[in-house]
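In what comes next, subunit A is part of two complexes: it sits with subunit B in the first one and with subunit C in the second one.
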Partner chain A sequence: MSDRRIAFTIDGRKIEARAGQTVLEAAEEAGVYVPRLCWMKGLTPAGACRVCTVRVNGRPQSACTQPAAPGMIVENDTEELRELRRDVIDMLFVEGNHFCMFCEKSGACELQALAYRFGIAAPKYPFMFPRRELDASHPDIFIDRNRCILCGRCVRASQELDGKHVFDFVGRGRDKRIAVDAEAGLGDTDCAATDRAIDACPTGSLLRKRVGFAVPVGRREFDRQPIGSDIERPAAAE
Partner chain B sequence: MSPESAAFVTGVCEALDNDPTRLLDILLEVEAQFGHVGGEVMDLIAETLKVPRVQVEGVVSFYAFLHSEPRGKVVIRLCNDVIDRLRGADRVAEALEDELGIHFGETTPDGLFSLEHASCIGMTDQSPAALVNDVVVPSLGSSKARRGIQVLKEKGDFDELQKLLIRDHGDGNNAHPLVRSAVRNNLRQPGAVIFGPKTKPGAALERALAMSPAEVIRELKTARLRGRGGAGFPTGMKWEFTRAAGGDERYLICNADEGEPGTFKDRVILTERPDLVFEGMTVGGYALGARQGILYLRGEYAYLRPLLEHVLEERRASGLLGHDIQGKPGFDFDIRIQMGAGAYICGEETALISSMEGKRGDPKTRPPFPAQEGYLGKPTSVNNVETLCCVARILEMGSGWFSSMGTPASTGTKLLSISGDCSRHGIYEVPFGITLREVLEMCFADEPFAVQIGGPSGQMVGMEAFDRKICFDDLATGGALMILGAGRNVVEIAAEQLRFFVHESCGYCTPCRVGNVLLLERLEQILAGNGEAADLDYLEQLARSVKTTSRCGLGQSSPRPVLSTLENFREEYEKLLIEPVDGQLASFDINTALGPAKALTGRDSVHFEQQGGER
Partner chain C sequence: MPEATRRIVIEPLTRVEGHGKVSILLDDNNRVAQARLHIVEFRGFERFIQGRPFWELPVLVQRLCGICPVSHHLCAAKAIDGIIGVDQLTPTGEKMRRLMHYGQIFQSHALHFFHLASPDLLFGFDAPVEKRNVIGVIAEHPDLAVQGVMMRKFGQEIIKATAGKKVHGTGAIPGGINKNLSIAERDELLAEVDQMMEWSLKAVEIARQYTLTNLATVSEFGAFDSNHLSLVRADGAMDLYDGKLRAIAADGSQIIDQVAPLDYLDEIAEEVRSWSYMKFPFLKKLGPETGWFRVGPLARVNACDFIDTPKAEAARREFFEVTDGVPSNLTMAYHWSRMIELLHSVEVIGDLLHDGDLQGDDLVAPPGERRGEYVAMLEAPRGTLTHHYRVDENDQVTMANLIVSTTCNNEAMNRAVAKIAEDEISGAPEITEGLLNNIEVGVRAYDPCLSCATHALGQMPLEVKLIDAEGNTVDRRTRP
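And now, the complex of A and B:
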């Protein structure tokens, strides 16, 4: 059963998935990049950011949660979808307070890298300038919620990879924010500098103290090549 | 925390077997006792249930009926839905603020009163309305509001206030000793299916039990019954999927969350036909092979709970619930009531399930669908109150009887909740296929200019649509019909509806959490007289992005107020637009933009001070 291949197409290209794979995973294995932000390898997909929106037989779906099925016709890199993804990325920029040029994560930030990949110079929506809390109570880690995009990767990584439950969401709608498992702050939780949850953060919202510029700007992952380049391969000749 | 308080909290947890999936019930009981769920209490609950504290905090902060900060002994929650505001809720709000000397969102220094706003509480047929603690106060004018506060201040007695506010009980079961509410049914036009003559409890069940479960499902398919909660999914098919899913544990959930603004039909069904609802649920239990049914009742309808519990007791006593129901060996089924806690999103079936599992009311990832993996991971069918009543009546009277009413694709009758600018608000049971014009005549709409059909997640239509039919293939609706007379500002109403969605979005996905705020921002700019032609394209594009990329039905329909008004009432927008001067952005005002900087530095801008309000 598990080695039966599921055949479908993405933008006309033939893809074969294994049973249980999502559209995003199958595409990635076949060398097709579906842009994503709240998805991370090894974590349960959340379908939260909507950057991975594709059309499956014409219907919009998040590729990171959509199981591959035989005969599906998936649209991924179309002008319409690029536009929709740009809009979603723009929304994430204006919702928070992102200051890429001073950010320790610059060049290694997935939000910034996506903006570059999509050619966003400035968001088309007005900035919301929210007031967000910092938490520097932990000796080795700090949280700057200004840069949080509510992807929930830290929430899931803490539970699924670290076997803890350091982070979770509180509040609803526009007041939703990332919180920690203690009334006072991160310093009162069992979070450790080695937690995988810290690495899971795609932006500069969760950072380790004192190592911000260990790798100089200009020599970071996305300074060298656009996000997704490591995944993309030309279709094999048929 | 005193030892007594701690004992109360652990007692509540204990009574529910320290089961974390019952967290919502635990929190509601604790809130009822202390008026809030404070930090220490959250710690204690987390420790007792062995769950992380942040998870408890996440749930408390999600629901409008739960609070982490203390509030007044009397909490007044004024409904600020569109219709209530059209009918003077703002004047009531002013009177309350004035009388109490506080703003909404605040508590009086003596800790006696808190003022809050509530999204639609299901009383738009008798608006303005408020919830005073658990008590519904319909038809609340500003002088009544003032008097109520004065009485309460003088006597300091909640019972006195209740007497004043509820001088007359409503009609029917609203006057039942277990309800004693001032709410009125406003049942204007009963029809054959739901509000026909009351039938004997057990009549439908008797016929169902004479068939096999598969035959019961086939009967619903033959009747071509479609869900009344909004989406119109064929009920027989949903039950078939749920039944076909593996395992031996299944659940049937009755969705009585009724949160769509302007909808109040389920309220009247629950008041007057509770037996019919439970009958439909029990038939469902049999058809699905479920042993447990759960009615998810919105927190705003808590006043109906004692009556509903009483009816359940009666049904248990007469063998319509429990073991070997009606002598059918092995058919065991019972129903419990789950209270909601003030979140519109929890009407969405997967969010409703999350909420019942003691979690934040976030919708779940689909697939898997509830029919495969629902409540506690078991196959679950979620059905609307009205749908389940139809089920009972179809079993009782036969599918032929049912499908002879309505249209071929939309069989039976539909309950409409009518409010707004008409003289006979209330419930109308009409056959599907009736035209909008006929409905407007029926309720004596005066000079109807626009009709919001299906609530904010439906659409706003104008006169050119009045000859269209109410049915699944034309004007589909969960039942809300808000009538707007001449002179109403549809752009203002669209903005009001966006405010509702901004308030009710769970915040899980980006487009709904952020996009609705952006839509509202631009509508407000236009209403403030700062809109230009390009803003209409901006709104249209943004609305389309939110609609296409949102994760669940809330965000997929929240842009509809904007899209449908732009489509049907574009000239209303155009009237509000201005021509930008010299290509400058109409919405930009330099002095407003400099405001925060001026406040911080304590001085005016050297460059711009002379220009005053000029752009």
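And now, the complex of A and C:
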């Protein structure tokens, strides 16, 4: 451990961060789960989804972009923040067409897993049922925009991990959507089935073809344990 | 509608799987001219499927029906096998799917018989509605009610062990299955088989005794001659999971035989009638007038040459002793034939559970040469089920046509209602309690999806209106 530790608290629990760490990273290292969706280990944080919202000295901040600083008082697992996160997740559901019942990512989807963790049985906002396009033009990969939550993880992963620029956002507001770097669709890009960008998708929006339901129900990532429980550890006795 | 025709409108039959009502058209002399069973299917589903990636289909199409999702799951999986060029599954893949299918047949038939139909059979159709329901069965025949629950549960456990979940599982995947049967799962199921066999034998006996005791009544009740359609194995044996089409006439003579599902369009067409969303399938060889047919347990027991499990085969022979070897055309014979299939299913399940292939690890067959189009069929609890898909080079579904069992029995159910109404009304345009009862019992014999959905308490919510030629309601009866 480095000498220059940054000491702060999350929900009263003492956390020590290294220089340059964000609140989310320091929390994770200390065994505290801050719910997140657009953040992914190894990618530049985007601060886009607001699922990781915490209060820092009373002010709402996204934990994935907030650098840890000495003496910070961070609130994470409070009823107020849980409610806010619930709302954000809720809105992500109604903005798209998320039919978990026949989605092949079901059980391994971070959005669904968050909904379960937050006890969302049915969204409280009305469904918007937008019309969204599929892009199946690539022989090995397809995009189902019905399930895209615009987290941008594929955009960043393609650039930062694959050294490509396959994905980007186009449009604004309600019309914002993920686009690919070719007019004719994904099939005309240099995207490959081995790209890390595909694994970056937290939902069933960017998938390898013909994998489907090869992993049975009950044996999927979040069937075994709720999302975040691989991070959570009780505070070390002092 | 002719000027002087009166309509008796019975509505709604159901709330969940689609809404239905029965119109009985009377002529000038108040005789039944025609009966029309309206079932509103979940339209638009075929369009909803369009554009979806094909490997999603087995899980997606289960949503078509809350009652028989496993049948749609497996039928779509079989169609997709064809699309990806898999003509032969691995032994483990094939047997796991068969186990799932026979588990579904078993639970569906048990539910129907013990919870939906047994009140009609045990108490008679004219018993008061308050008694003629599953609560009445629990009160007077608690052992049977418990058996029904336990048998249904056994079937559901099989579905869970093969599909991953009791409802809407994901087990069947393109080219095979995504899990095998663990030794623990096998042993748990095996421990139940003998009991299930004993209860199934008893159920066959109840249905047989009922038919023999009431032969005079059931020989008339909703009875009419029809063709019968079913898949049979290459050797003519009953096979509910796979096979080729055979159609026989009311007297047993063959109309078509060993027609591959892929060639169904050569032999079967669907007629559209202005008053119904549900189509009317018929055999092209005979045309729409006489080419309609029955499907389901009665058609299957009639059409096969034999059943390849000994107890069910013995039961089949007893069935044909009553008919002197010719097909039965009685609506109420559905119950007996359904129980013969229940028995057959548990025999098949028992054999499969003893088969070591279920513990194999070779779950999925490698894809072969891709096809752009495929048709699969299986015998669902209610009858022949057809899934027909076209898939483009991007793996997206461009066309889906699903012919469900209840649709195949469309004309037959209309005929049954017409016959029942004719016998009951006989010139008096009055809505009697007896008419309601009998229509209910007659339709229920076919076990259409619309009835399963509402029959938890053994009765259909009915509203009957008698409407005169000017459109005035002159009589009205409701049953909550």
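Just so we're on the same page, the second predicted complex is superposed on the first by the 235 of 238 C-alpha atoms of A that agree within 3 Å, B and C clash if a C-alpha of one lies under 4 Å from a C-alpha of the other, contacts with A are read in each partner's own complex, and residues count from 1 in each chain.
Operating definition for what follows: contacts are C-beta pairs under 8 Å (C-beta built on N, C-alpha and C of every residue); 3 or more make two chains touch, one makes a residue touch a chain.
Since we're looking at a predicted model, the values are computed, not measured.
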| item | value |
| --- | --- |
| Touching partner for A:Phe127 - first (subunit B), second (subunit C), both, neither | neither |
| Partner chain(s) touched by A:Val180 [first = subunit B, second = subunit C, both, neither] | first |
| Which superposed partner A:Val88 touches (first subunit B, second subunit C, both, neither) | first |
| Which superposed partner A:Ala136 touches (first subunit B, second subunit C, both, neither) | second |
| Broader residue contact with subunit A after superposition on the shared chain, subunit B or subunit C | B |
| Contact set on subunit C toward subunit A in their complex | 51-53, 55-56, 58-60, 62-63, 164-165, 168-171, 173-174, 178-179, 364, 394-396 |
| Footprint of subunit A on subunit B - complex, ascending | 39, 42-43, 52-55, 57-58, 61-62, 343, 360, 365, 367, 502-511, 513-515, 517-518, 521, 541-542, 545, 548-551 |
| Contact footprint of subunit B on subunit A as seen in their complex | 45-51, 53, 60, 62, 65, 67, 83-84, 87-88, 91-92, 94-95, 125-126, 128, 149-150, 165, 167-176, 179-183 |
| Sites on subunit A touched by subunit C in the complex | 101-102, 104, 134, 136-137, 142, 144, 209-218 |
